[in-house]
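Two complexes follow with chain A in common, the first pairing it with chain B and the second with chain C.
Entry: the complex of A and B
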């Protein structure tokens, strides 16, 4: 049995704002294994990004991890000192963001920023670090790296910036790379290039990737296992094939039917009624019940737990069997 | 056979690039839309699809005369709109509407929803008075899935999806024939996107609207459109029946674009052979010689660097601009 390199258990991160407590992450569990890609998927405000910020402990001052544990290398990242955390950040666990223009510092060249990361975490001098930086830029597919290393972020295109950020993240050969919507700001042909690059580098470095996205297509293409989040909670957690072919949570099922597909003719998309609830006023009981077509009275009163319904398939729903019936009916309709 | 509602012929829109401190000289031109022709049929949807900077939004704005064309004709029900003066345009403006990508930017924050939705009706004289406009607005709210009491609120009090519903209510308030949908769901979550897109289809069924759908989301284009034009650097490279093109794209760029769009099914997705293009889209100021796609094209030939291929009709429903496709 493989040992996970990262175990997140019952993570809860709340933001104490003037308007009240925002339970941005309110019960998330998953494990990450070496060399695999764990996808975290959900709509805006579901807590997927805050989950990743919690792992690295880079929340803003209003945000606090109030419960749960994040075990990495035998240490609980929620408990270790800021100093120890700083040694892990960028070295063992690195992160790339959706908008590289915001994540990169506009007043330093690409080279200076990569060299800084290398010198900080590895015992090398600046000349060596600079050589390493050029090699990294070449590796991530930036043409003429010797020249590009002296350019500022604004001189690069969006795709090239994302490559530069990946180079920086990889500079210390991290064990885990957190990629938060890495291709959302990019055109689809560039997205394909970046995802391909990440896959190839993952093979080479053997690192694990936590891929955060709202795009089910990107998940289908890249993830090995998937956490589906809704209103701060993990609602379904299983391997990627099972998730798409045998979704058990009504939200996952609805979401998969709500996206148009490139490869088939469809006449109608499934409607999940209503909208994602306001995090200051989450509904009682199951957070999804007001939008759920399978909801019963119990759902508005009690909160379901994330339970393992089949081997390795976790679902947070009292009535997941009803989705099974709906799936059977759907299969019947098609015949 | 359905009728043509809108016919665009050789449409061009160039933006000058000016340089100089005292005397501004035009040093170059951005050919945002460069000789684009297509048709929108009555009651059907034509989609313009492409990556950022391909000119799809500029084309739509030029057709509505929100910006004036550099060259070309825009026939709406047989009448050329391209050179009409403001006053002459008004009766046509009444029949054309647009829904923008960002509903917050397109709704005036100082106006109530009632003012927003009734303004076009009052302006175009569709209703006799404010009272009648308000009554109609109530019906419209229900049609777009909102409630009549929402009319007294302001745009900031709504979610993104609800704001887009308000923009749609405004667009359909004057019963237009033709609506431009410019990336109407790209700022929305997928569950909300499905609601809005279904609504567009319902309205098309009920009111026989013709849509020009602008998008970079190919899966959505397949779902919503009947015919499609794929744009690259200001020109249409492939055009025709949506399902035919998606089943068998012929232009190398169309192939790459479809291949780069992931399919939400891990088994299908991982069995696909993907075409990964090298490089990015070139600058529209310095487009490559010959075919604009040639530096990224996996099938490049000598002629591709010299000559831009003409958009040729290769079958009943298909036009392709590629030297490879005969």
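Entry: the complex of A and C
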């Protein structure tokens, strides 16, 4: 049995704002294995980014991890000192962000920013670090890296900036790369290139990737296993094939229904009724029940647990079997 | 960049020409009767007959058309003759050269607390947002920013001179002034504090400094309060940027994140505002020098304006304009140095 390199258990991260407590992450569990890609998918505001920031402990001052554990290399990242945490950030666990336009510091050159990361975690001098930075830029597919290294972020295109971000994140050969919506701000052709690049580098370095996105297409193509999040909670957790072929949570089922299909005639796309709840006023019981087609009285009173319903398939729903029936009925309709 | 600076310098005479036209026009529009005051002892004005007055007007060209008078003034100025200063009782050039070092000294020493205290406290306040330090620092900033400098100056004078007797008004004590004016005291830089040290007269240095502290306090408080507010809000904005998160995600220590990644970005608006502020400091010396009874460009300009000493007014206005224009140029250059996105072509 393979050992996970990162185990997140019952993670809860709350933000203490003036308006009240925002339970941004309120019960998330997953494991990350070496060399695999774990997808975290959900709508805006479901807590997927906060989950990744919690792993690195770079939440802003109002955010606090109030419960749960994040086990990496035998240490609980929620408990170790800030100094030990700093040694992990950027070295063992690196991160790339959604907007390469704003994620690079505008007043330092690409080279300065990469060299800074190398010098910080590895015992090399500036000249060696600069050579390493040029090699990294070449590896991520930036043409004329010797010249680009002295350029400022605004002199590069969006795709190039994201490549530079990746080069920076990979500079210390991390064991885990957290990619927070790495392609959302890029146009479609560049998206494909960046995802391809990440896959290729993943193979080369043998690192694990935590891929955070709201795009089911990106998940289908890149992830090995998937966590579906809703309102701060993991609602379904399984491998990617099972998720797409056999979703068991009503929310996942709804999301997959909302994707346009080529093989069936559709006049109107399905949509999940209602809107994402206000994080200050989450509904009682199951957070999804006001929008759920299968909701019963029990759902508004009690909170379901994330349970393993089939081997390796976790669902947070009392009535997941109803989704099964709906699926069977639908399959019948289509024939 | 170099071409840009050269072009800006070529524009300089044009700007000064425009300013001189406006100021000259304003002064001359007062009419020839008023301008007589610069040529006749005020006590004699009533005793002269209208005929005699007309003759004086003719003698000094006060009846010529304004254009002729302006050309005459321009010719003299370009040949280095700025005229006679009634207020200074010496040629305007000498009057300015004798007073300028005092003002430069005051303004330069005021920049130090303004920039260092303002920026430093601004960053501290931003990093400790809504904590005790932040509130404490901001109270000082609000007080400083809300006080007019002439009121603040009088309060400082009252407390530190009348009550405590620590910081006397004026430029120097009488004994120190005698030392400075003696032939043994060599003037290297014209700045009296520096010269005192270079001459080895530590006592004169201390005396000059004691006379400087109260005016510096008055002049700088307003501006460091202002700079603190700009720095604080700029820093707060920068700290929410994604590249700050990137810097933290790299594993950088918090003080590197703040002092390297955040500060350089936060300084961009501070330089724009702060540069303009340094220019304003020179204007501020007008009031501060009057309040603390100091000799300098500020008090000279103020007295010249009240006495219609138009040769002095013209010269000092042009002097302040020169500072303003060059100051703005320096800000633009600094701006490009800090922000790589700005390039001049």
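One rule holds for everything that comes next: the second predicted complex is superposed on the first by the 330 of 335 C-alpha atoms of A that agree within 3 Å, B and C clash if a C-alpha of one lies under 4 Å from a C-alpha of the other, contacts with A are read in each partner's own complex, and residues count from 1 in each chain.
Note that in this section contacts are C-beta pairs under 8 Å (C-beta built on N, C-alpha and C of every residue); 3 or more make two chains touch, one makes a residue touch a chain.
None of these values were measured; they are calculated from a predicted model.
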{"item": "Room on chain A for both chain B and chain C (clash or fit)", "value": "fit"}
{"item": "Touching partner for A:94 - first (chain B), second (chain C), both, neither", "value": "second"}
{"item": "Touched partner set for A:102, first chain B, second chain C, both or neither", "value": "second"}
{"item": "Which of chain B and chain C A:252 touches, first, second, both or neither", "value": "neither"}
{"item": "Touching partner for A:268 - first (chain B), second (chain C), both, neither", "value": "first"}
{"item": "Chain C versus chain B, contacts on chain A by residue", "value": "B"}
{"item": "Contacts of A:238 with chain B and chain C, given as first, second, both or neither", "value": "neither"}
{"item": "Chain A-centred angle between chain C and chain B, computed on Cα centres after superposition, in steps of 10 °", "value": "80"}
{"item": "After superposition on chain A, the shortest CA separation from chain B to chain C (Å)", "value": "9"}
{"item": "List of chain B residues in touch with chain A within their complex", "value": "51-52, 159, 161-162, 189-195, 197-198, 201, 216, 218-220, 222-224, 243, 246, 256-270, 274, 276-278, 280-281"}
{"item": "Complex interface listing, chain C residues touching chain A", "value": "241-243, 245-253, 261, 264-265, 338-341"}
{"item": "Touching residues on chain A, where the partner in the complex is chain C", "value": "53, 56, 58, 86-91, 94-95, 97, 99, 102-109, 116-117, 120-121, 152, 154, 165, 168"}
{"item": "Touching residues on chain A, where the partner in the complex is chain B", "value": "43-44, 157, 159-160, 187-193, 196, 214-221, 240-241, 244-245, 254-256, 258-263, 265-266, 268-273, 275-276"}
